[in-house]
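One chain, subunit A, appears in both complexes that follow, with subunit B as partner in the first and subunit C in the second.
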Partner chain A sequence: MNTVNYLGLLRLLAPETVLTITGLIVLFFDAGVMRRQSIPRRQQVAAFLLSAGAMLAIGWSRHYSLADPNSTSMLVIDPLTQLMKQVILFLTIFTALVSLESKFTPHVGEYFALLALATLGMMFLVSSVDLLMLFVSLELTSLSLYILTAFQKDKLESSEAALKYFLLGGVSAAFLLFGMSWVYGLTGETNLIRIAGQLRDRATDPVLLAAMVMMLIGLGFKIAAAPFHLWAPDVYQGAPTPSAALIASGSKVAGFFVLARMTLAGLAGAEGSGVWNGFAPGWVPVLAVLAVLSMTLGNLAAIAQTRVKRLLAYSAIAHAGYMLPALMAHNTMGTIALLYYVTTYALTMVGAFGVVAVVEQQTGSDAYDAFTGLSRRSPALAVCLLVFLLSLAGLPPFAGFFAKFYVFTAAASASTRSLGLLWLVILALAMSVVSLYYYLQLLKQAFAVDPPAGAKIIRPLPATLFTLVFLALLVLLLGALPHLLVNKLQAALVVSGL
Partner chain B sequence: MPALNHYLVLAAILFSLGLTAALTRRNAIMVLIGIELMLNAANLNFIAFWRFRPNPDEMVGIMFVLFSIAIAAAEAAIGLALIISLYRHYRTTDLDQVDALKG
Partner chain C sequence: MSTEQHPYIFLAVFLAVAVVFPLIPIALAWLWAQTFSPAKPGPDKNSTYECGLVSRGEVWIRFRPEYYLYAILFLVFDVETIFLLPFAVAFLKLPVGACVAMMGFLLLLLEGLLWAWQKGVLHWK
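After this line comes the complex of A and B, so read on.
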């Protein structure tokens, strides 16, 4: 008889359990005790409960057990997954605090409970090493995010964005499932490690390559890489700003981590090659196509934008393109670079969306004009925006600079054969210069142009302002002392592998 | 008795039909039906592969299908809810007329 140590399992899954219970508490507390209170008060209480639950989950996420490499387990819980879960939980807390500013729904309890559920999906996504678990948690995340996008029911754009997100997401989920079914058929396994073991000797099977491309379509949608990016601009613009912040940050972290797990662990042995003049079929050339398209299209389309949330969406597509070369390097350095990039990028994105949320709530618009003279109307907010945008552009001393630096060096030094991935790095550098133009365009509007006559002073809530300043300091700190995070990632990666 | 190949071809045809519907239909509900068809094609693949495995005692394939049917149901529910919320604004489910967001 196989006895399972349920207490031990519960201890390993404590963060997820705590978060589930938190979601239910938020829901029932809001529907019961807080029902007659004003909406801002309910938001404060719900955000406090969610943050407290997430902090508790972070505190209990230190237990782990190193997986036996031959096991058929569905979840791995090792130092690396726990670290990424902590990152995701912090992002959720920041999102909850930024949500305080926006007044877009009377259904406060449902909103914060869905934030908890989406986070839960992301946490399971980070842990899953089995196709079934991966699919289930991906759908939990996606379905929660569709609803969060549609949350502003009185606004037409919100419903429209949610439906577009849903329809494209549904098609990509179907592609993912169909690809998974073929991988299962070819290997007879659903565990990623075992799949890799089976694939080693038949990496160039054409059916396998087709299945692989289908799975990469499904995940490419999740990270908003071109040409599967069509939903991103509409969703970022139409969704309530705090929901967009979670889609741009936490979902991105989980998406990239699971893509890394899928390619580096599950499809190991089917890399192919993406070096110049030396293409060989596998997942690396597929990602190379995605990277080139995302960088080019994202950056060029961003130039033409006049609304800040759409600008952030196109820049998100471009950033997905910058991150993919780190994955294509498929070595330890590349993985560390990828995780550092996606973590700092997510922090920056929550901050940028936070600034937009405040401006949008108080001026009613996210067009460039709404940011005119922001430095006079709210100096603190303008400085935060400056930090976030310059970090996104990749200027030192902000975190974005080292993120790009690590990714590009990892990609450039990955292969010594002919030019290696250097051609991609050169393209990425050229495109970073383009990106500087549109970030500075927005900053010019905020700093150099005088505010229009009669423009109101913008006053964010103390809690929001505190969060934004904290995020800006974090971006500065991780830029000045990048080894704080890199050492942590490296230690976790050495112990756990991927 | 039909062989594995027959099921796989049928599943591939279903998937292509679903994809065609999802890409060409203008009515949001028809697109949703197309997506469901694609998901079910994948389910059919899983069942066929499971049935023709050397050791059918392993329940992995059938378990996958059970989960994905449940997920498809949840997805359909959310999809219809989103279509209703869109219909309240536009008074139509024709996707060609839903064009407030572009650029």
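After this line comes the complex of A and C, so read on.
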């Protein structure tokens, strides 16, 4: 009668279970015990509870039993998924600590519980190998993120951003689901591995190509690749800064991982070719179009921005463009490069948003002018900002340099035919130079321009400052010793075989 | 032209049928009108008919938003019942894990209700 082993399932999904319970405890504790306390106190307690739960989940995710890789289950638990879950959980902890600074809502428990739920969705997203499971976890993530975007009720921008995010997200989810339904119609399977087996000898079926484009539209929205990027600037700017940090970091990691799983595992054999003068239909040329558009549009539009959160949004679009060539290489080296890039990028982005959150809270604005003379008003913050922005620009010795280096070498050496994806690498290098301009503009404002008369000293909370310094050191460490993460990724990839 | 060579021929056939099928009754109705009902236009006949008659008086009524909160809370009990009944029927045959999973599910719903209660949603203003 009952073939599902629930106890085994709960044991396999212990990190997720722990996180669910954490979310419930945070909500219950805040609504019950902490009801009469001041908001900063409630924030501290909620952030502590969430971080403790996430740490427990991280600890638990290290002990797992390897499920049968050939099984046709809905979820896969292997070293790689566990590693990515740990990354996402760490990103959530950093987001929670950065949230301490901002005072945008009296609904503290709900905010932190939703952070836990969004993280839960991302963790399931990383594990899922089934179209249905994948869609459900994507929706769990997205719905939580929509609410997190709308959390600043006294700001009209926040509601507007959430509505845009919700409507566009709904449309993109419809595309994804429609594409999935066609794939199911073609193969009669929802498991990605089995789908790949079914599709092996009909990779150029026009129905498959249409379905593939629709699924890539849905996932392209999630990673904010042009031309599906229009929500990103508005959402990053309108959302409360800590929510934007999670959207830019954890959601990005999960989005890229699921895109990699979908293309590398589910659509294996339908790659096509993206080499210059040798295009063949498949998902690689589609991603090539997205990459070219994202890099060009993201970098050029970022030059014209005057608000820092908008700048980070356009730079996020550009970074999505840099990451796609690693996926297009569709080999182990490319996957390692992609995961290294997205991990270090997410850490950097949480840090950058953390700095913006502090400045925004204390000056009331995230315009360039608010950062004028930051090095005089808060030297520690300014140095953190320097590290994060230079890492985003891809300068050594920061993590961003090796991230770009790995991606570009993986893409350049992917195919020996007609110099492979070298054309894309050349474009990406040129665009990286463009990106240096707008990062340095902001840094010039922070370091070279004198603070205006009467500008207040900016004092971040000790916990926030500690988080930001820790993140900056982490970015420096991963830039100086990239093999720490790369070796882990490599070992995990060998076992999981993605 | 066999279906093996052209697997999508059915789609073309369906498309053609879908276009022709509604055209036949329209054409028949037009022929009928030509013979049996000559045109007699008038103000009532020419007025636009859309979703009923033109309403009289104020159409904007107040609708209290509390109803929607109750509707959402009703979902807690709604979903609970759907799962509780099969759970109760199969209770004796269930393994421990299934009971734990079900209790977790009930906890989720219960906390939703408690949270709404604490937020004062159940208090009719």
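To be clear about the criterion, the second predicted complex is superposed on the first by the 484 of 498 C-alpha atoms of A that agree within 3 Å, B and C clash if a C-alpha of one lies under 4 Å from a C-alpha of the other, contacts with A are read in each partner's own complex, and residues count from 1 in each chain.
Heads up, the rule we're going with is that a residue touches a chain if its C-beta (ideal position, glycine included) is under 8 Å from a C-beta of that chain, and two chains touch if they have at least 3 such contacts.
These numbers come from a predicted model, not from an experiment.
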Q: Tell me which partner A:Tyr146 touches in the superposition: subunit B (first), subunit C (second), both or neither.
A: first
Q: Using the touch definition from the top, say if A:Leu422 reaches subunit B (first), subunit C (second), both or neither.
A: neither
Q. In the superposed arrangement, does A:Gly185 touch subunit B (first), subunit C (second), both or neither?
A. first
**Q.** Partner chain(s) touched by A:Ala173 [first = subunit B, second = subunit C, both, neither]
**A.** first
Q. Taking the superposition as given, does A:Leu7 touch the first partner, subunit B, the second, subunit C, both, or neither?
A. second
Q.
So in the superposed three-chain picture, is A:Phe135 touching just subunit B, just subunit C, both, or none of them (first/second/both/neither)?
A. first
Q: State whether subunit B or subunit C is in contact with more residues of subunit A in the superposed arrangement.
A: B
Q: For A:Leu24, select first, second, both or neither according to whether it touches subunit B, subunit C, the two together, or no partner.
A: second
Q.
Under the stated contact criterion, what part of subunit A meets subunit C in this complex?
A. 1-2, 4-10, 17, 20, 24, 27-28, 31-32, 35
Q.
Which stretch or stretches of subunit B touch subunit A in the complex?
A. 8, 11, 15, 18-19, 22, 28, 31-32, 35, 38-39, 41-43, 45-46, 48-49, 53, 60-61, 63-64, 67-68, 71, 74-75, 78-79, 81-83, 85-86, 88-90, 98, 100-103
Q: Sort out for me which residues of subunit C touch subunit A in the complex.
A: 90, 93-98, 100-101, 104, 107-108, 111, 114-115, 118-119
Q | subunit B-facing residues of subunit A, complex | A | 131-132, 135-136, 139, 143, 146-147, 150, 153, 156-157, 159-164, 166-167, 170-171, 173-175, 177-178, 180-182, 184-185, 188-190, 233-234, 237-238, 304-305, 307, 310
